[in-house]
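Below is one structure, written out as structure tokens, with a few remarks after it.
Here the chain labels run A, B, C and D in written order, and each chain numbers its own residues starting at 1.
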């Protein structure tokens, strides 16, 4: 029962088109409502700045979500890495050393994270709750030990705060992600694992190895995200990173990423999603919407998007 | 015919009045200029929020100001920066903020965008100790008014006096970590000094024991605290007691222990104060929303390009009156007449016109000293 | 994704080793209470060595422990009911928060009795949860995505009702009776009863079991899925309502945003999963209860030695749970290894 | 002629632009065992699924017991007397047998919404006894029973006193000898009582033995209807095949040669392999050799297949490929072993993925040696395999779940051909595949042999083993019962006695 080419193409790309349409609609609506403020040079700059960290994290998260895995320890990890970046850089006086250290730590944590998720035989979201407790505890502990609300970096990260640099970072990470995702075993196996782990394993794929590697890349992205998050304010505290795990999840869904992973996963979901997410928040404020109404509007937009992109029209109720 | 003329005249007047539009006119000669001010507060719910909104709504007409609200975080710098950026983007010329997280980065951002910042109900302790030059020395930071007094030793003294007068013998003290709230640790020391003074002269049987400080890591008091000190008969929670301590007392049936605290929330602490409710709360402390006139006037003047003749060179943090509630009468007064409690602009210490008169740009006689004086006359005793 | 094979295996391996019925019951009883008992003993030793005397059988301690147990267990049962039926419900936390806010404020404004408060909570929970179910069925969205959306919606509603003041009624000793000992046992017993009766005795409960184990077949055979999903969401709503009764009584509830209610939920999800192992020899509901009890004792003990909050507490609890599950994940492997050793030994003997 | 029970008039069914049925007329009378045969996608399952209420027709009419017939669900159809047993497993794990039997009808055993489990178990036992399934008990967890018993439970669930027509859709492939006997007996009993059976099977012998009427379908149209006499006439088999495939496929169905010779090179060896169930198993497979492994479904042959792929726990002994131990499936694939699982949709292919992704998957480790995987190479590999195996599809980016069963199976073959595996384990390679594809598969396997690949072919169809294998190993109770060498004289009857 073969279907025509056109039909298949349309079906596979329908969710992409819808999420692009969502972003476009957001832009158009807020351009009008904000009376053009959305497009002011200043606003474009802060949009890039605000999206940068989300986009980098979301692209790393795609590798995890592709496998049908979820992670809520992201925020606490981000917080810990930001703190460590500042502390190590302050102690050694070298940003390079600071960044390399957190990169190394992030990769090791990624390994641990991956093995825990794979080996415990629990839904990954549950294992990530454990890790969230550990990372969150570490973050609190560091702040308790420091005895301060917020630590600042002595060397200013001005360079990483510039809009062209942030834009370049998004592009570079996007290029790396797309390369890994489309043209190496990592991305292909991540999708394969999400679509059918048994079949992938029987095809001779070392699923444990690739799962762990996916987590390692995720860790890499968190470390890079931590650098840019720190650069924004030059400081970090006990609340740094809080809420990011959920924000990323919502962003990915807005970008049309299926939570079950598999072949419909795509890097563009991270970019489209994080931009939609940030423009939504920014646009609502620019349009002068009452703060208490912002939440309900965001919720309704989210429902509308998922009803368009995630609806399974036939068969049993989707799990 | 006369009637028709009168009607026409009235119509012309209405039109002309509305035609003045943005340049709002009242009291004959004062012409105010329209400004858009961002209000970034660290929370988006609660008594203080309602009071702030009521006050700002009340003065927005006479002051010819438009307010845009945003919510800050007290522990995440990036959230605050994002909120401030969005406010700048939406066209705010100046922003008042009540959280001190990531302030240096925020000022940097505002400086480059040419937007002024001032603080309210926040002592900017973090910046005050670690980034003073960067924040208080920045020309785009206009100063801040504390949530009451930066030093709350006076309250500790008053509580100590009450403790002695009421004959409590075993006192627990709860504070937030010193790094975040050094004034609470200081207040605890003042409290101990006062008690020690009393103990020096008191008979052995009357001596008061003060337990060591219990430090709350911004999470509620644990039940085991009461097991540790079963004899405790009075609790002085300098840390926000209504939210962090009282719930634990209720859960453990310890509301018989009198509680002195700070940070009046106008909920349980109002209902159970003194002789009402379970009477657990014996004293509390807060400051009023009207103290916002300090940063607001500085901001409006700055935006209008004027300033007080006696304006200090460097931005200051100033104290304002605290609503110190230590008796049923105090509480009754606050409940009845304070804007903080009623969120009714009619209860405000200042009318819109009075606020206009506080600004140098609208009243050439206005002085900085007067402004500071005004916000220091907003205590319980001043409630009309 | 949500199926766990091990506990079933453990249960099958551990069942009926003894022919003697009384002995068997005793053995099961002991193994079942082993978890909280072990934690109690370990914490007892630790606290005693630190010179703390009130960690044993003091009323203060058990009042706190039981209150914490109940509040965790009721919420955990509600979450577990959904997970058990193959659905991961992100909106549970927001249903809890919103029900508590609405019911609490209504009860305070109208001067209602605590029973009325409980009933409104339960009714609100049931209505909101059923609404989630309706959206799930009509919208035909994957369950996690759908419940994330509904959680966002319910959270945003917390800003729109009662002037965004949330709920603050802890001090209302009359209304919060169900949040304290001894009446807190009412919601937990009700929750246990509802859970057990629904899952093990009723027609819809049995049908949801069929659906969770093989959705497609069950539908083919003739189980009406939509109706059953609604029934399960309704019952889950009742449990969430009971959880919100306790939650509203013991917490200052602020309006929520940004899926923060999911964390309220996750705080209770660990006992839900632990319950599966601990209840392997009884039923999952008992397991959830005992797991909550164990965690409450652990937390109380930590608080006794000054680690009740802050970084160390979080790390200790996180590592403890990791260790618990690592151990559990090894059990089937150990069993297989033991069986292999036994076979090899027999072979040698035979040779 | 007996009374007409079910009459289908001008029934058509479209899936979008694809026409699955074209104005089909079908009449089923009382007492008939009405066989339906045709290649995959010929529409036989579509007819029965419409009649049994699983999906609606696009156009046309149906009459059941003389009344217009439009069932809205399987449940509704079953209540009216039209029951269906599906090919796929349709029992629910982790539940008791009784719960499975009475799913959807719990109300019969409940009062005020509470289920009376005891009563339910009692009735379940009574029901099972009626079908001669005394070894299955209502209160037991269904997991305790094998695939076959579960299928029998399904039969007991589907057939009630009210059942007038029973549709048996490719059920027998799942059943062993005994299971089939139970089902055949049930079918004939029902037919004798004046009820009717619609019997769908790929097994020509089975059809010829059991059915009283046979309808052949191809491309959604009825190509012929044969009565008992026509079916038993000499040459009927090739005639039926011709109707099914639309061309004469002649005698070249299996391998035509009877030369069992192969290279001396041992590719795979089992050396004294002992597991929890298997004891001291020895086997050598040579390059260019097709080793057939046969037996009843629980005899251990599938386990041998998995062990050869490095999956499973070995107590002692070795499984070696060219003298090297196989550690796990990753190692096995690396060493050049391919495995085609019996459970095609869950293990052999990724349904929710393009054909290309599936074909390339095992080869990714080679393509990605230097990290970068060239899309052009992937496309080339995909195209080559699609052409080689004549997979019917628009292109390589079409998703596998839109393919017919036979084409899905071709994809699972293509994976290993593309990978260039030198030893391929095929567990039931032609299960649920129609004759046309089957023939192509056999040709393919023969070609593989010629390329001196080693093949372990595990099958429940003896005819296939006889037709293809150089050496046949029949297993029983996890042990080798008998070994046969390829010969034209070998018949199924010779072998069966060693299986049971």
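Heads up, the rule we're going with is that contacts are C-beta pairs under 8 Å (C-beta built on N, C-alpha and C of every residue); 3 or more make two chains touch, one makes a residue touch a chain.
Worth saying up front: this structure is predicted, and the values here are computed from it rather than measured.
Student: Between A-B and A-C, which chain pair shares more contacting C-beta pairs?
Tutor: A-C is joined by more C-beta pairs in contact.
Student: Centre to centre, using CA atoms, which chain is the farthest one from subunit D?
Tutor: B
Student: How many Å are there between the centre of subunit B and the centre of subunit D, using C-alpha atoms for each centre?
Tutor: Once rounded, the distance between the two centres reads 77 Å.
Student: Once you find the CA centre of subunit A and the CA centre of subunit B, what distance in Å lies between them?
Tutor: Those two chain centres are 38 Å apart.
Student: Compute the distance, rounded to whole Å, between the mean C-alpha positions of subunit A and subunit C.
Tutor: 29
Student: Report, in whole Å, the distance between the mean C-alpha point of subunit B and the mean C-alpha point of subunit C.
Tutor: Each chain's C-alpha centroid was found; their separation is 41 Å.
Student: Could you tell me which residues belong to subunit C and also touch two or more other chains?
Tutor: As it turns out, subunit C has residues touching two or more other chains at 159, 164, 310.
Student: Enumerate the residues of subunit A that touch no fewer than two other chains.
Tutor: Each of 140, 144, 243, 292 in subunit A touches at least two other chains.
Student: Which parts of subunit B, given as residue numbers and ranges, touch two or more other chains?
Tutor: Only 44, 217 qualify.
Student: Could you please write down every pair of chains that are in touch?
Tutor: Final set of chain pairs in contact is A-B, A-C, A-D, B-C, C-D.
Student: In their shared complex, at which residues does subunit B touch subunit C?
Tutor: Counting only subunit B, the residues touching subunit C are 44-46, 50, 217, 219, 222-224, 226-227, 243, 246-247, 250-253, 255, 265, 267-268, 271-272, 277-278, 280.
Student: How about subunit B: which of its residues touch subunit A in the complex?
Tutor: Touch list, subunit B to subunit A: 44, 68-71, 73-82, 85-91, 101-102, 104-106, 113, 126, 130-131, 177-180, 217.
Student: Inside the complex, what are the residues of subunit C that reach subunit B?
Tutor: 54, 58, 60-61, 63-64, 67, 159, 163-166, 168, 170-171, 173, 176, 179-180, 250-252, 254-255, 300, 303-304, 308-310
Student: Using the touch rule from the top, collect the residues of subunit D that touch subunit C in their complex.
Tutor: Interface residues on subunit D, with respect to subunit C: 54, 73-75, 78, 86, 89-95, 99-100, 103-107, 110, 113-115, 157, 274, 276, 313, 315-316.
Student: Over in the complex, which subunit A residues touch subunit B? Could you list them?
Tutor: Touching subunit B: residues 34, 37, 40, 42-43, 46, 49-50, 53, 140, 144, 146-150, 152, 229, 232-243, 281-282, 285-286, 288, 290-292 of subunit A.
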